[in-house]
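Take a look at these structures.
Below are two complexes that have chain A in common, paired first with chain B and then with chain C.
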Partner chain A sequence: MILDPILYLIAYPPLWQVLILGFLGSLAVAMVAIWFERKAAARVQRRIGPYWASPALGGFLNIIADMVRYVLQQLIIPGTVDRLTFYVAPIAAFIVSILPVIFIPLSSRPEFWPVASMDYSLLIALALSTLPPLLIIAAGWSSNNKFAVIGSMRESYVITAYELVAVVSILSASAATLTFNLVHIVDAQQPFKWLIILNPIAFLAAVLAVLMSTSAFPFEIPESEHEVVAGPYTEYSGALYAFNMGGAYVRRFVYALIIALVFLGGWAPYVPGPGPITGYVIPSIIVVLKALIIVLFISFLRAVYGRYRLDQALGAAWRLAIPLAIVGFGWSLLLAYIGVFH
Partner chain B sequence: MTSGGLEAGGQIPGFIVKKIEKEVYEIFIGPQHPGSGHMRIIVRLDGDIIVEADPDIGYVHRTMEKLSEVREWLKPIPLLERMTIIDACNVTLPYVNALEKLMDKKPSTRASYLRVLLCEINRVASHLYGMGIFGVFIGHSTMYMWAFGDREVFLELAEALTGARLTHTYPIPGGVRRDMPQELPGMARRAVRYMRRRLEEYRKIFVDNPVIVKRLSGVGVISKSRAVELGIVGPNLRASGVKYDVRIAEPYEVYGELDFEIPVFEEGDALARTWVRVEEIKQSLNIIEQAVNWLETHKGEPVIAKEDFDKLPKLHKEVYEREGRVKFVPAHATMKIPAGKAVARGEMGRGEIFYYVESDGGITPYRVRVVTPSARNAIVFKHVVPGHTLMDLPAIYGSIDYFPPESDR
Partner chain C sequence: MPPKISLKKLDRRGGLFEGVKSNIHTLALGVKYLVDPQRSTLLYPKEYIEHRPGYRGFIIFIKDKCISCAACARICPSAAMKMVRVTEIDPKHPDKPRQKQYPVINYQRCIFCGFCVDVCPTEALYHVPFHDIVYENLADMFLSLEMFQVEPQRPATSEGLPVVYEVDEIKGLVKRRKS
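This part shows the complex of A and B:
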């Protein structure tokens, strides 16, 4: 049949993983996160928040209207920017932010997630998730604006603080379960041997790293409005700014997915069965819900905290988070030695 | 053309010419910057450390002193209160006091209590405004929203008392424009109770928030001697351990008869300045309670000077009896004030305000000179900010509660 290769190309699972889950899913989660962030902050601050666009939905359509506005807005490109980098960096950062999703399994059934069940999926997903900050720095640098440059420099400082924490604390799951395969990591945690219970120290360090890496409060330092306007994104407008802003939420979601798999047991205690519903839909929903809880928790912190100073954030990372991550890693080695998972 | 002049060693009048230093990164914060307000701060950075900060003020200069000279005596009051629209009674009261000194007129005690009541309502609203702006400067949006929301309570109180939320134009030479409405004491007591409860919540979410404490303690430290040397005023001075407040140092109106304390902190850092404001709000609430109690129990006295009241025509007296509102006779607006000079001081929310008023016996002032607290606090940018990191700039700016329109006049 001539249609078979075409059908195979169209139905190629990794493509669907990126397109449906990666792009649309991340977009949906980003919208929910932005909506929740505005609504929850409004509740704490005794306001109403988004409302009039759709009173029945709590103003959710307001977020969609905002996105439409961003896309249709005039794109102002200052004459002094480095044009190629200025265009490419935010788009590339957004794409690279989504890429780790290919390697994140949402089910243990290999027929639905052929790529994700490879043996080094955790390592590759982590490695890919460290790329976007470099592109953000490039975006700031190409803007040829002093505030953007300062924001980029801050971003690069903050990278040195959280990168090690993120990698060590998340890899402590591998140390405990003796595998880099995310499917095996989740299977090892069945049904309730979740690493958040067995190794809360590493979980804490991982959440701290996510807070820093996605510029969430109290570490919203590179974009700190009252010194550097919008940091690396100062010169951006319209759709390119939306890519920049959405990229941060997507990265937050991707990290949350990894943490949901590694620490919150992924689809555990559910065991995926055969067929698309039991093997695909239900475990995906469980994982995404777990990730969403983390994303919403991070969003809520905006209403509670101010922002740390740059040196205090770096100090907190090197004095507190990195020792925490290393202790968490050691604790995982201990778990492996005792043989909790085997 | 100008460069030719500069090469020849010339200077453009009014410009500071500086050699560009390598290794120093110069950024212009403001006037169109989310963290600058109506001013520009020229900051020179070495890495992340500020080596020089230059406050470039004057963007909202409105020639208020000069405009006062072409207005009849009463008309500068609504003009001058636009200097600090959030603290309108405190900013105009010393001007009225100076006129009273020139006219040798004393307000009735009831009028004095009413003025003090409005002054303290203004002070609470002004501190809440400052704390809200401060909150958003260091990324705490909840503090911003809470403070601005609770400020509304005191604006409504002021509206009930004077008829206007911000531009009250309440004190006039010899008294005030309106008596207290019947329902005000109850409103004021409810507002005081509410605000005391809210201050406890402010402490939990903002002043004792670990992130905020870490961010503010030890930042922008002004020692006692340094504070005196720089001549800063108001809560910033008292946060550095100097117990100075015009309300105590030179009591005006009825502040001498009221029971309140001047909160003083020794640390002199941004956190202490925040605490001074919180404590001052508490003291202002006490004063509001005392003033309302006194006003409720001492009724009957007119709210303008007795000699003015006696001169009023019968219709105006009827209006006063019915509505508690003083209706001016046209002659009042074009009154002449005996030649002479007078000075008066007052304690605004941001510190001491000073007026010098000179009359040549005409229907307008010959000279009105204003020295506002923000004009005196602006020096902090130049002398305290250098040595801190760029991220400390909003923390210091917010903590000194600098208000450019007030400084620029």
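This part shows the complex of A and C:
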């Protein structure tokens, strides 16, 4: 068939996973998430939200118009900033945010992995996903603006709150399945032994950590606009601001992908078959849809929650989330001891 | 000795259980509104508010009823109403032109308090129940005697549907389409 080479080209893992899913996919997910965030908040708060740009689509074109505006807007660089860091930090943060996608398998067939071996992929993906906050702090620091510096400081405080929770709660999957290999973790959950059912405590802790790390409500502390304008992004405008804002949504999406694999069973109950369509495209779409559900849930929280103070967030993390994560880890050890997955 | 300040101790509600319960309640309430929203935004050109009788909107002047008493101009708290002098020719005595005074209004100043309408002894002024009209420049807002007598067209009525807002005891302010 003539289609086969084209299919294989599209399903070539670096192209499909990094460019199509990683870049365009996260862009689309970010747009849907932003639209849903505004629309859901409006519905709950008795408003209508985006509407007039396209009444039939619920105002979705409004988001595209916003993006076009960001890209075409004048890029204002204040005279007092540290120029190199100011330029590089948001772009680097955006790229580093996408990087973990390379180590996230979207199929159990080895020919469709972007890297040769998926051993330790969970560890590497987690490690890479903890990098962007440092670049955000650098962006705020280089802005040389009091709001940006306060925002960066808040970000660095919040890191101390969620980092441990994220790592411990997500690694509890490794404790239960006795492997760092994401493919094995997903295969162990086939067909419906999903960790969200078997270990909801760790799932809750992981979602809390994602909320804090991507500054979603109720932990939107670093860039809370009522207090510090836009936090680390105060001095940014135009395309660089779009990188900053998009980076947060990309990180949310990547975390959601990891959680979808680890807790929601990845492509389970589907079993990837041979060929690019059944072996790669369908399972990856299943995973992305599961991740999208998590992203939309996180967006929905904006409608119902207020914002915690910094000390309240740190208190909630150390008093509630870290014990939760540790209990979830212990629960996973118990699961492994009983031998649920083997 | 300074007075001792006694701080009232607030009883912190519940512990972990209360926290979990209130969070679940919050989420459930949010989902309820997400599924069944009760919006009160007015989609303006597509909908317009049908005001009740007695709404103090734009003011229209009926020249034939006016007795030129100037009560309206005197009571106006923001000096929006002014008397202008016009020369009229009475059909019965065409050879003797008369000087008369009539009010004109300046909508740059009017606060729609309705005093002028209330004070007029002959009901020569009345309100129309809306005030969504756009003037293209400031000078247009100073109405001439002729303009003051014309009832303006409400722009939203051509394409919009009338709605009313009602206060519901449970739902709060609700918007209803008028059939």
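Please note the rule applied: the second predicted complex is superposed on the first by the 325 of 342 C-alpha atoms of A that agree within 3 Å, B and C clash if a C-alpha of one lies under 4 Å from a C-alpha of the other, contacts with A are read in each partner's own complex, and residues count from 1 in each chain.
Convention: a contact is a pair of C-beta atoms (placed from the backbone, for glycine too) under 8 Å apart; a residue touches a chain by one contact, two chains touch by 3 or more.
For clarity, every value in this text was computed on a predicted model and none was experimentally measured.
Colleague: After the overlay on chain A, what do you see for chain B versus chain C, clash or fit?
Modeller: Partners clash after overlay.
Colleague: After superposition on the shared chain, which partner residues are touched by A:Phe147: those of chain B (first), chain C (second), both, or neither?
Modeller: First partner only.
Colleague: May I ask you to decide whether A:Ile196 touches chain B, chain C, both, or neither, giving the answer as first, second, both or neither?
Modeller: Neither: A:Ile196 stays clear of chain B and chain C.
Colleague: Just chain B (first), just chain C (second), both, or neither: which does A:Ser224 touch?
Modeller: A:Ser224 contacts chain B only, not chain C.
Colleague: Applying the document's definition of touch, where does A:Leu292 land relative to chain B and chain C: first, second, both, or neither?
Modeller: The answer is neither, since A:Leu292 touches no partner chain.
Colleague: What is the contact status of A:Ala92 with respect to chain B (first) and chain C (second): first, second, both, or neither?
Modeller: Neither partner.
Colleague: For chain A, which side has the bigger count of touched residues, chain B or chain C?
Modeller: B
Colleague: Should A:Tyr305 be classified as contacting the first partner (chain B), the second (chain C), both, or neither?
Modeller: In the superposed model, A:Tyr305 contacts both chain B and chain C.
Colleague: Let me test your reading of the model: by the given contact rule, A:Val44 touches which partner, first (chain B), second (chain C), both or neither?
Modeller: both
Colleague: So which bit of chain B gets in the way of chain C here: 225-233, 279-287, 315-323 or 387-395?
Modeller: 315-323
Colleague: From the superposed pair, tell me which chain A residues show up as contacts to chain B and also as contacts to chain C.
Modeller: Dual-contact residues (chain A): 44, 46-47, 303-305.
Colleague: State the interface residues of chain B toward chain A in the complex, per the touch definition above.
Modeller: So the residues of chain B touching chain A come out as 25, 27, 29, 33-35, 48, 135-146, 149, 205, 209, 211-212, 214-215, 389-394.
Colleague: What part of chain C is in contact with chain A in the complex they form?
Modeller: Result: residues 26-27, 29-30, 33-34, 37-41, 43 of chain C touch chain A.
Colleague: Residue numbers of chain A touching chain C in their complex, please.
Modeller: Chain A residues touching chain C: 40, 42-44, 46-48, 51, 300, 303-305.
Colleague: Quick one: in the complex, what on chain A touches chain B?
Modeller: Interface residues on chain A, with respect to chain B: 41, 44-47, 146-147, 150, 217-218, 220-221, 224-229, 302-312.
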